[in-house]
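Here is the structure we will look at.
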Amino acid sequence: MSGSVFGKIFQVSTFGESHGAALGAIVDGMPAGVKIDREFLNNEMLRRRPGQSAMTTARNESDQVEILSGVLDDVSTGTPIALLIRNADQHSKDYSNIAEIFRPGHADFGYFAKYGIRDVRGGGRSSGRETCARVAAGALAKMFLKTLNVNICAWSSEIAGVKARAFDPEEIERNPARCPDKTAALAMQQAAADARSRGDSVGGIVKCRISGIPAGWGEPVFDKLDARLAYAMLSLGGVKGIEFGDGFAAAGLRGSENNDPMLPGKTFASNHAGGILGGISTGAEIDFTIAVKPTPSISMEQNTVNIRGEAQKITITGRHDPCIVPRIIPVVEAMAAIVLADFALLNRCSKL
Amino acid sequence: MSGSVFGKIFQVSTFGESHGAALGAIVDGMPAGVKIDREFLNNEMLRRRPGQSAMTTARNESDQVEILSGVLDDVSTGTPIALLIRNADQHSKDYSNIAEIFRPGHADFGYFAKYGIRDVRGGGRSSGRETCARVAAGALAKMFLKTLNVNICAWSSEIAGVKARAFDPEEIERNPARCPDKTAALAMQQAAADARSRGDSVGGIVKCRISGIPAGWGEPVFDKLDARLAYAMLSLGGVKGIEFGDGFAAAGLRGSENNDPMLPGKTFASNHAGGILGGISTGAEIDFTIAVKPTPSISMEQNTVNIRGEAQKITITGRHDPCIVPRIIPVVEAMAAIVLADFALLNRCSKL
Amino acid sequence: MSGSVFGKIFQVSTFGESHGAALGAIVDGMPAGVKIDREFLNNEMLRRRPGQSAMTTARNESDQVEILSGVLDDVSTGTPIALLIRNADQHSKDYSNIAEIFRPGHADFGYFAKYGIRDVRGGGRSSGRETCARVAAGALAKMFLKTLNVNICAWSSEIAGVKARAFDPEEIERNPARCPDKTAALAMQQAAADARSRGDSVGGIVKCRISGIPAGWGEPVFDKLDARLAYAMLSLGGVKGIEFGDGFAAAGLRGSENNDPMLPGKTFASNHAGGILGGISTGAEIDFTIAVKPTPSISMEQNTVNIRGEAQKITITGRHDPCIVPRIIPVVEAMAAIVLADFALLNRCSKL
Amino acid sequence: MSGSVFGKIFQVSTFGESHGAALGAIVDGMPAGVKIDREFLNNEMLRRRPGQSAMTTARNESDQVEILSGVLDDVSTGTPIALLIRNADQHSKDYSNIAEIFRPGHADFGYFAKYGIRDVRGGGRSSGRETCARVAAGALAKMFLKTLNVNICAWSSEIAGVKARAFDPEEIERNPARCPDKTAALAMQQAAADARSRGDSVGGIVKCRISGIPAGWGEPVFDKLDARLAYAMLSLGGVKGIEFGDGFAAAGLRGSENNDPMLPGKTFASNHAGGILGGISTGAEIDFTIAVKPTPSISMEQNTVNIRGEAQKITITGRHDPCIVPRIIPVVEAMAAIVLADFALLNRCSKL
């Protein structure tokens, strides 16, 4: 079945494989009248682009986005906005040696079991490359949310076990680790470089903070705001967990500690909840944290099997990020924006 | 908007408030020919029922489920199965004193901001009571999954900071904590009783293990199996986080540690991934863990505001669980079953 | 798959068989703050009720609707509204003789082929009885639309070949034919009585007129207003066709005849289009016409086969409408209201 | 809201305006393993292409379809198939004189009322040009249906009041009218040419016949097979009505005439029903008929208003079909194929 369509009113369909002709998205449901900022769109794509540092792959993906429809004189018309990103640098031959082998940590075996056929060129649809379509669609969602003064900001809070201890928001986009702690950023980069030099990879933790959401967004009972955000975040290939506010730590608190008292003016004395209670925004900042696994593509030799189930050794060559954490950050923001754009519209339907 | 409909093919709509006339669900998409086991259904409802121990509320919810449609001679006919659960023991008057006050840690303020109107009787739709409709629907999903030899089992792995150290699956349903470690279970009960005696509450951690899922379930890219499970679990009011397999710990591993090598016979040497790679089941056991916050309804005095934003003190009386962890377990299993029943059907459409 | 859920924002799920325990619906997406008028709801149910005249079946369906959720102090709360209608008068034994025979003109064979199982009691889910859930849900939609000054009115324009020649809107609900032409109504009743006396049945034509829809409702390109109305109307078992405005006659006009010139004030000099152009409402009255086939349940002997494919004679006894046209009218209005309530909400999302 | 996504499992999203950069579609849900026949795809596009005769516009739309994803070695992989059609021949300046005027019979006014903004270049999204994306998507659906031996064939049965009297299926694609009656085809062409010479246009009637559908496709109660086909057909801009089998004529029949007796072997002695009963296919041929209005773009002077509501005269120049009936035929087939592909997959989920 589908599975590549997301959202109820602000609805995004994506397509594309790592080494196919192109990737892209249709954004259906963008309200008419939103200013389309192409420079912002390009900049979002640049943030996701590989080859930005030694932490990320050296592949050259220019990722120019062409807007094919739905925009007239730089304003959305209300009709679907199609976004096209050509694959320039395909290098399919790099993958010929693994055509019949399942790469550990990848979706190769699952796809083969599911479809009986598999696009072996760079992981095909399961490649992280598919997220460029999400970033493009998310950039449109952000343009809409900007009109509502919603701001979304994500960063690396931990890479390879190195934790950010300081928080300078200006620092985030200044270092390749996208870490708000300049010192930690250097250590993160070093740890990633060390892993790469051993043919290995590292994972990390990303935090995301959303401001400007008024109280009342989110839909009971299944379409809770946190439920949809979790859905969106876990739809990213390398994400293995999510928590809101205090998250797993809340499990060890008492109710009297975890409850956020309300203050006159309808604000909160604390924000253990991460801005969402019962699935509805409280007006406080929304905070969530996700776990990103280490890149499965490593150049160390690994044990695996081929499509006939026979034991094989595999050594993955080619260009791979030793750590995808910095590059997943714009994708996390994009998916959050897509979820929030949807709820912004859904919330218009709550009352008479 | 809706928000109370879940699933694509196996589609569940629920309704009902804590103190309304009834709660229930329509399950649309149950395949024809499934044996409907009413005893099993009743037993699932009993597992969720309050008043099972000192850990849980003393409310008397009989939770008899009436099947209104879609079943003939104890076999599903393929048409919607409606499930009705009457509210017997409503006690609406308990809540009159908090009609204009927002309870800390509850969705009260969000609902009021959203709808401009709020059902104050026991939290209305945001009450945990709505989960009885999920358990009933989930019991049907389990009946279908049983034909595929899928088994779902959840348990308390931590309550009030007390961790399970042993794992005896037979033990889970034998103790009120639903903990597979008999000794830990006693400590958990004690900790919950202590909290209750102070007018406080505690949270915990639930683990869920699913066996019998073949490789290939899940849909790229948004409808990943883990994404939909996360969506389902975070749609439960008290859940603040989820992780699959090693989850947050995977963020600190290296790729060479985290990748699960494949073995001849297409099994795996380890299961850091929790049975899902790239959103598709691998055939290994699916493992996930969720964080449950402490019950927000506590009888200690708390600071809050009323609907006019004025400072208020609130003391919540009435019958509340000092810990919802044991009772959320059948709900977690139910939601997992609903997700899996959907993917079982969706997967029939993958290939020619 | 589902198939019993309709609508995008104003979403209706129905359930129930002709001779099961109950029928009903969940209406999810009703905005908070709508006055719930139980008398109006009951009256809508009465309009659909059988046994109103010699034109309709003598079955006694009291069709009391119980509202189970989503309403507090007679106002919608924004949460799902569940509607329950018990089946009082089931008479299952009437159907035992046809358990293995496919009734001509009914869905019996299709259901059997589809599900391998069939609820033979009165047609089960395929019975016209399922429409009582639609009327109840539609009554809620009408309550919402009333706040927008939308009015929906349907009537019999032809029964058994007898055409209405006059149009007195006050007359419609005064005669059993629901015909705005008093004289034609008598002839229609006579024709239906004649058919019944021969063990036969008759069909007819229903017209529906909707006023109060502003220009701009409907969504390009698939979710055109007329496309969704057609979807809704053809989902009624006995409906075999629909046309908007001039409909089939428009096929014989020239463009210069069929185009409706616009007048100052943005009204139209004519309304060949039936109030919809390119799937979007024009602000003119919406007019559509549907064809209703003669009731397939007739007491004349018919040729058919049984589940083994063997030739059989069948004589359908029991209580059946010789003409369902008058009773389908409130159902047509209900489905139109459900479609329009959805578009009223969707249209809130069109612009920034 | 969306509105440009159609289907449940076999899901099609389209985009594109008449004079934008490109049009296209994403087909999500195509099962893996379907042979992708590019020649067939191109041929379907050619069938829809304008400029085929004096009956159709002289615009030169080459309509080359580029497949961007989801296909490997000419076989579908199960992932979304994106289809891109560049707009080569845009001539935007033709439309500058009508930028502030609403064209009679077009969606101009509705779009303006809805979005407060309007793409005036050739009707934008409301142009019949958007159907080229449907034909491309429908060609993929046909490739899947071919594996199930489903065949879909549509033709002109009436144009400008000229009716087809003979039926030679071989003749349909041989004449510009797509009429199975060679003699009538000539008269149809003459009538269209006459209308064009007067600056006018004509409409017509299209019939569609589908063979190879087994009994059991379609979903009760809302997603009836005929309901979804009606939804699909009325989503075509110029279609004003649809009927199945005997359709409106059935309204004048008696039950004893209209019921189709079943014969040993589970076939039918007649097919008044058009192959669908109670929304489920019977195994007989599916027959439906649609009404197509005359092209609203005519070069005769017409009365209308501008965006300020002031009276205006309008004369539409440019290249327009005097009759769209022949060109809508491949679009009708495409939409039917999209609906049927969806039901083919949905039907896999009916039984245990």
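When the chains are written out, they are named A, B, C and D in that same order, and each has its own residue count from 1.
Convention: contacts are C-beta pairs under 8 Å (C-beta built on N, C-alpha and C of every residue); 3 or more make two chains touch, one makes a residue touch a chain.
These numbers come from a predicted model, not from an experiment.
Counting C-beta pairs in contact, the pair that comes out ahead of the other among A-B and B-D is A-B. Note: the chain lying farthest from subunit A is C, by mean C-alpha position.
Our note on geometry: subunit B versus subunit C, Cα centroid distance of 38 Å, whole angstroms.
Annotation: 26 Å between the Cα-based centres of subunit A and subunit B. For the pair subunit B and subunit D, the distance between C-alpha centroids works out to 46 Å.
In subunit A, the residues that reach two or more other chains under the touch definition are 1-5, 8-9, 14, 29, 32-33, 78-79, 111, 114-116, 125, 220, 345-346, 349-351. If you sketch which chains touch which, every chain touches every other chain without exception.
Those residues of subunit C that touch subunit B in the shared complex are 1-5, 7-9, 11, 13-17, 20-24, 26, 28-29, 32-33, 66-70, 72, 75, 77-82, 84, 114-119, 124-125, 345. Taken in their complex, subunit C has these residues touching subunit A: 8-9, 29, 31-34, 78-79, 144, 147, 220, 345-346, 348-352. Residues 1-6, 8-9, 14, 102, 104-107, 109-111, 113-116, 125-126, 130, 158, 160-161, 195, 200-205, 214-224, 226-235, 237, 240-266, 269, 273-274, 277-283, 291-298, 300, 302-305, 309-311, 346-347, 349-351 of subunit C touch subunit D in their complex.
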